[in-house]
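In what follows, structures are represented as structure tokens.
Two complexes, one shared chain (chain A), two partners (chain B, chain C).
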Partner chain A sequence: MSRAATTASWPPAPARGQRLRLTGCLALVALPHLFHLPPWVSAIAATLLVWQAQAAWRSRPLPGRLIRFALAAAALGSVLAGFGRISGQEAGVSLLVMLLALKLCEIRSHRDAMVFLSLTAFLLITQFLFSQSLAMAVYLVIGTWLITAAFIDVSSEIAPTGAFTHSARLLLQALPVAALLFVLFPRVPGPLWGLPSDAGARATTGLSERMSPGSISSLATSDAVALRVRFPAGDMPPAPARYWRGPVFWDFDDGTWRGSPAADALPAADIRPVADAIVRADITLEATRHPWLIALDVPLGTDHRSRMSPGATLYAEDDIDERIRYHARSALAYRLDPRLGAAARERATRLPAGGNPRARATARRWRTQADAPQGIVDRALTHFREHPFHYTLSPARTGRDSSIDDFLFETREGFCEHYAGAFTFLMRAAGVPARVVTGYQGGERALVGDYWVVRNSDAHAWSEVWLDGRGWVRVDPTAAVAPGRIEAGVAGSLSDSQALPYMARADEGAWYRMQMLWDGVNAAWNRWFLAYGPQQQQRLLERIGLGGLRGALVALTFGVAVLLGLLALWLGWRMRQRRAADPVTRQWQRVCDRLAAIGYPRARHEGPQAYGARVARARPDLADELGAIVAGYIRLCYAANPGSADTQAFVARAAAFDPRRPRKPRD
Partner chain B sequence: MSAGDTAARAAQRDDATTDGLQRVREALATRVLGKPRQIDQALACVLAEGHLLIEDVPGVGKTTLAHGLAQALGLSFSRVQFTSDLLPSDILGVSVFDRNAADFRFTPGPIFAQMVLADEINRASPRTQSALLEAMAEGQVTIEGRTRDLGRPFTVIATQNPVDQSGTFNLPDSQLDRFLMRITLGYPPLGEEKRLLAGRTERAEPLAPVIDAAVLAQWQRAVAAVTTRDAVLDYLLRLLRFSRREGVFVQGLSPRAGLALRRAAQAWALLSARDFVLPEDVQAVLPAVVDHRLTATDGGDRTPSTILLEQVDAIAG
Partner chain C sequence: MTGVFSRRIEAMIAGFIRRRTPTRSTPMTIGRRRLYILPTRSGAIFAVLLVVMLLGATNYSNSLGFALTFWLAAIALVSMHHAHRNLLGLVLTRVSAAPVFAGGHARFKITLDNTARRARRGVRISAPGIEGEDLAAVIAPGGRVDLQLSVPAARRGHLACPRLRVETIVPLGLFRAWSWLAPSAQTLVYPQPAGPRPRPAPADDGDAATPAPARGNDEFLGHRPYIRGDSLREIDWKASARTDGLLVHEHTRRSANTLWLDYAHAGARDPEARLSQLARWVLDAERDGLTYGLRLPGTALAPDAGRGHREACLRALALL
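Presenting the complex of A and B:
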């Protein structure tokens, strides 16, 4: 009888090449995460990956169970200690990255590798929780390609180069189905990728709920896109009219302007647009984590569900946690609140009890000199124009309690929030109802594509005063100091442009053009892919003449998707069936399964004879029965000309085999 | 009736083969002590019509095994001690001028035997080595333009000192592939060595032949007739494909190696008194057949055959 040389330790580590490839696959998928996860997580994950790669390179044996358990516990503990939880976006992804790096320690079988790769694919998807940019999408496609290739690599004997080609072919084949599902699959409203638990935790740039000196000039150094606008009919209004209305601040205290929730008690703004001054714009707003919807001043309404605030700002029902698209109507000529209620007038003239005495005194003096509120406004603007005020991104510091006084009479350096804040203060001190409006001013035409880009660096603050008979009137004191700010953007009015972001500078180098080009590509990506929601789906279907069928179509798609899933399941099941369709193989597998269940699984290298002999040695009570089964199987599979009687005998014997059944002890 | 008759006769012949093999084994066991596995491997190699390379330090019984094998199988035997100045003609033979006949007469070299022991093959120059290896591959030699058949059976048993010994020319990989098997003997187990020491000091009697060349040829035909079903062929294929995967071995197994593996497994099955091959037969000959043809890339302790054994499923499913 033959003796199989099976002295090697079992189970072994996977082949070195495969181990390296799996490690590389994970490293590639985890790479973008390492940049945005907390540094300590990235450091641990990177260390684990390097360790795994080194172990694979040197073909070191896999660590023992105790070490693996300790490492996994340490990973869990560190995430708990660092985040205080193990769920949620960052904590969850951190844990996943670390545990996957550890999972490499225990990949022994084909099944382990499949589980590992499935989890790696899941990790790949989590990238979308952090970024949905086009570049990330491209990266994810490459990642999907590699993971598919890895799946092929661990599942077959095809050489890795073959796996890459094969994987690419599979992805290309899946493309039409994916495209169809993308277009037709029922769209859910709301963010698909935002996890509510972490939604507020991420640092956001953009307008905020308050305004204090420095809050907007800090935005001016960010060239991130705030919104993109298309004008379906007509074009962008001329530069002086490009005011994008954001949150309005009624209350001043402690050097800070706020739009307190109490403002909600006031009635909604009463807007009377001039008929031929209405502009329509399709706006794509980046996530702000705030509820307001930016629109040209003054907004009339949007197709997004929203309400009008007392300050004539549009508010959505929830915070904007993902990029949205909406259609907004605005009136460039209007009358805003022709009649001012008593409560609103009181709010719009209220000042803190003390502080800034010089400003108050000046305002009182102007009031006595002027015969009408308009005169006070003009007087204040003249003050800004005639005194040596500087428009700068880096103004001298002012005291907190005397910020207005310091700015008006001492430093005379400031950005738009200084001017708007001081002007509004002066108006209130002079008894003229006034408030601060924040938003954006300006915008530039995209190099490619018919749309306009408004960046964070375009953030602006101005004032509104209420004049009898005219309602709220926009007054931009910054324009009095730096008229170029309104005409040519921030760069046109600052002498020290070194602090400005590249995109906000005036010169148009090749790099600038490239950036604009990239922005165009990104805008298309946002417009056609990311912002594709239920409304866009409806619109698209209407355009191709299937609008009325949306419900039916969506149901059909859903049905087909479910059907495809069932088909895949059925095919898999049938393949299993076919593989074991041969009753001999099926019964043999059954015997192996039953022996595995009592603790004697067949090692992959064991032939039937060696396996049977091993189990018989360990369980002499099974020896006779098992010996007959193994002999039958060997005869059927390996010997020449087995008869059908042999098959029947084997099948009957194997089917009756139950190692759990108690047996008489052997004599 | 006649079908049953044939079957009965076949069974009888099988019994005779099994008995014969057993007697050859026993005879050899009296010469090479405590090495039943190596005896089986060498026997399988001869049965598979392959050539055998025995690699070990001097003095562990390489020559004894080769000599014993020739005697027990009743084969004509010749021995060539390879040295660095050995010439191809020393092996193949030369034509010398016969004064009486006034013509050249061919004097056959030691290669013209049924079993040739090429002792310390790696001491000879590559040119001489290749003369022998050509003969092994072709089963014939061409001397002075005339091709001469070496007859059958024809088996070369080469012995080789471990490669790190001085004054040796290592066999190149392409030539190693011509040996069906490479085996090592190793030192005898304790008890057997004591028996060896206690034994008589004078040279042992030659072994009485158990069979003759005709029976061996019959056995070799029986080996070729051993059934190899798809289940085993698929296993062989899996082994070959795995050996060719990138990054596992420097170079994968050749189709010739695959044929060698199959034939060796058939021989092993016959030695195991079976007329069909089991995966276990393949595994039994795997180290001897593949270890000298493969080099693992990771340079670890595991032999190529161990890696193959561990990584390739013996039963599909």
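Presenting the complex of A and C:
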């Protein structure tokens, strides 16, 4: 018998070096997940990877089925225990990372390696659920390069360095096609099946659903961009008008201001804009995990589907889980709720039964002294102005039940939420309807690009009081204490600006300019790349005169997809039928696989007889069984008309062959 | 089992391909018209994953997700082109195989020439129904490789080179390009040397005591064409100059112990078994340095010795 080999063994299973490189490829692709997956997941994945790298390095055989099954069950169990579920973004990715590390243990054939690499590509895409920054774009290139090189490595009979250069060439050649697909492939508006509750980047800081002392000052230490604004017509309004309206709080309890379902049930705000005071802005809002849409005070509407709340804040239908762009109209001069309903008035003057007696007494005194609500407002602002109040990021602590009293009469240190909260409390105690508005105040012009940046450090809180004949009127008590806050931003007004992040400080050093430049790049990235979706695609097609083509593109893509799907189904069905036809080859291949699993892979040119002889020399205990199998196989392959009895005997013998089973040593 | 996917389709269009793959003499070039390409099974799995990634990117409106998906798809498409180009223009220069005995394997030597200025990688040769394959890891630009394909030689006679499948999955393993080549090359299969009968003793047609005489003493009969293995000294250069090929003196041997291997005395009733027996005797006689002749139904080979004679005898046995 000369050399011969079954066609089934081609292409060859990954060798030792390839196994090592596959391990490395997975490790590198999974690396960024370190930053957002729980440490225990990373630890387990790293352990598995090191173990597999070691096994590959020492050419140890792959672990048995039992061990693999136990490990997979353990991975599943640990994810269930750690997350309480296996769906969802983090749990799903954790499971994927661990199972891929385990998949390394069962790469026995070329196809295993190919499936492994396809799944690794899938792991790469999950990174982008957590972040879509420019850094991740760089990582996309590196990951794609690695994975393509690994595909070449296992399929191309080429040295690893050659695989890298070859894959670089492939990547470049594919770039134009990829760009065309990116721009022209018909986009469908998502989501298709809903997002998991933990979708989007984690730890998004921003405005929250309640305001208590410290909640806004904690934002002041964040450089993160909250929104970017372009003004398609006109320019940013002057500094005193740069109030960006966010959630409005009606209810006060336990030192915390919050919205409530009862407040939401009030009638929607009735806004009467002054005709020539309307400003239009294109706003790119970062993910907030909350439904409100920020816009200049007071918003009139957006092109995003939204509703107007009783507090005159715009709410989208769902939480904003990713960066969105919308066009907002706002009125800088307006009358807000010229008539206040009884329910709204009751809610806007409600206070808890007890607590903060000094503040209540002071407010009652002001009320008797003043002849109109406006007088009470002025009296309160005078109080802030005339007493030694400090605008600071790190105020002294106040008691929970007496937070207003402590702040007004003892510590006199606070950030905007202290001032807005105390002022609103005083107004309510004096019988003037009042509420707390949170949002942003300010914004700076970008160095590159025609747009403005509003950061988390611009977060702000102020009050609104309802005055007869004027409606809700904005009153910013912080401005009374620190006028510079409104004109020059936080940095100009804090007594301790060192606590602020670099970008919120006023001095414009080189580093600041570089940061702003970087922000410009990021803004362009967001605007032109990340925001590219169905609408932008339609606009682009219209601009190049192919607006009517989108329908045709969608139909064509859908048609081709359906055709390909049907073809694949048909081929798969035929393949199943064919596969059943040759049990002999299949069983022989299984025997070879089992021998490979215990460390005796068949060499490419090794015929059944030579292979059997080699294994028999190494493992005399297997010699008898293996000899019978090889003889049967050769007879079936070369006999002109093998009998079905022969076939059955061979299949039974080969199926029962298990080289792992302990045998009595031959004497 | 990568490639099974596309191998199935081959069967479906087998008739079509057979029509397009006429048996031809070498050299033959793999042209566009008979170069086929389909995704491997791994390629199909990869495609399914790409669809899943596309749906995911759509669901999350994730631009980087779209970018990765489309880039990978584009890379796969480009790799299809590379796989196609890896075989396109490859030249099958020569196919040859030395004669073998039945029951053995004919080793077809397949010479591939890469006339392109790029290296070709991972070119595999196999034949359907034949347990054999060979792989050229790399064929340098302008280079040449010899691959071997072992074809079982079951029966004596002519053995044609099977239809060859030349294929590659380079570079990514996602696509398999292949072509069918049916070179007209063939080789000879001698009867399997076997049989229980002892070699007959040389017939004593003269003085048995005289040892085999030197060839110079033989009586000149005429010329016959040169056969590999003939002694150079037997070539009649003068006579050869007048014809296309080389001619060799042919002599009768006044050999004392000429052995006649006769079909009629080869025992068994089955003709194949007789031929096997004769083949066995030819080999034994040659090994023992005898002069032997072969008598077959309708033909006979005059007694002689040497490699050339042995092969002539085996050839006659193969083709009877």
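Following the convention adopted for this analysis, the second predicted complex is superposed on the first by the 507 of 667 C-alpha atoms of A that agree within 3 Å, B and C clash if a C-alpha of one lies under 4 Å from a C-alpha of the other, contacts with A are read in each partner's own complex, and residues count from 1 in each chain.
The definition used in the following text is that a residue touches a chain if its C-beta (ideal position, glycine included) is under 8 Å from a C-beta of that chain, and two chains touch if they have at least 3 such contacts.
Since the model is a prediction, treat every value here as computed from it, not as a measurement.
Undergrad: Does the superposition put A:369 against chain B (first), chain C (second), both, or neither?
TA: Neither partner.
Undergrad: Given the touch rule stated above, what does A:87 touch, chain B (first), chain C (second), both, or neither?
TA: After superposing on A, A:87 lies clear of both chain B and chain C.
Undergrad: Once the shared chain is lined up, is A:47 touching chain B (first), chain C (second), both, or neither of them?
TA: Neither partner.
Undergrad: Can A:171 be said to touch chain B (first), chain C (second), both, or neither?
TA: Second partner only, chain C.
Undergrad: Between chain C and chain B, which one touches more residues of chain A when both complexes sit on the common chain A?
TA: The partner making contact with more of chain A's residues is C.
Undergrad: Where does A:15 make contact in the superposed view: on chain B (first), on chain C (second), on both, or on neither?
TA: In the superposed model, A:15 contacts chain B only, not chain C.
Undergrad: Counting only touches as set out at the top, which of chain B and chain C does A:125 meet: first, second, both, neither?
TA: Second partner only.
Undergrad: Considering only the touch criterion stated at the top, classify A:59 as touching first (chain B), second (chain C), both, or neither.
TA: Only chain B is touched by A:59; chain C is not.
Undergrad: Now for A:181: first (chain B), second (chain C), both, or neither, which partner does it touch?
TA: A:181: touches chain C, not chain B.
Undergrad: Let me test your reading of the model: by the given contact rule, A:568 touches which partner, first (chain B), second (chain C), both or neither?
TA: Only chain C is touched by A:568; chain B is not.
Undergrad: Share the list of chain A residues that count as touching for chain B in one structure and for chain C in the other.
TA: Chain A residues touching both partners: 1-6, 8, 10-11, 157, 579, 589, 604-605, 607-608, 637-638, 640.
Undergrad: Would you mind writing out the residues of chain C in touch with chain A in their complex?
TA: 1-5, 8-9, 11-12, 40-42, 44-47, 49, 51-53, 55-75, 77-79, 82, 104-105, 107, 121-122, 124, 126, 130-135, 137-138, 150, 152, 154, 169-174
Undergrad: List the residues on chain A that touch chain B in their complex, please.
TA: Interface residues on chain A, with respect to chain B: 1-6, 8, 10-12, 15-18, 20, 59, 157, 159-160, 579-580, 585, 588-589, 602, 604-610, 634, 637-640.
Undergrad: Quick one: in the complex, what on chain A touches chain C?
TA: 1-8, 10-11, 109-111, 114-115, 118-119, 121-122, 124-125, 128-129, 132, 136-137, 140, 143-144, 148, 151-152, 154-158, 166, 170-171, 173-178, 181-182, 185, 187-195, 199, 322, 529-533, 561, 568, 571, 574-575, 578-579, 589, 604-605, 607-608, 637-638, 640
Undergrad: Touching chain A in the complex: which residues of chain B?
TA: 37, 227, 229, 231-232, 238, 241-242, 245-248, 268-269, 272, 275-281, 283-284, 286-287, 297-300, 302, 305-307, 309-315, 317
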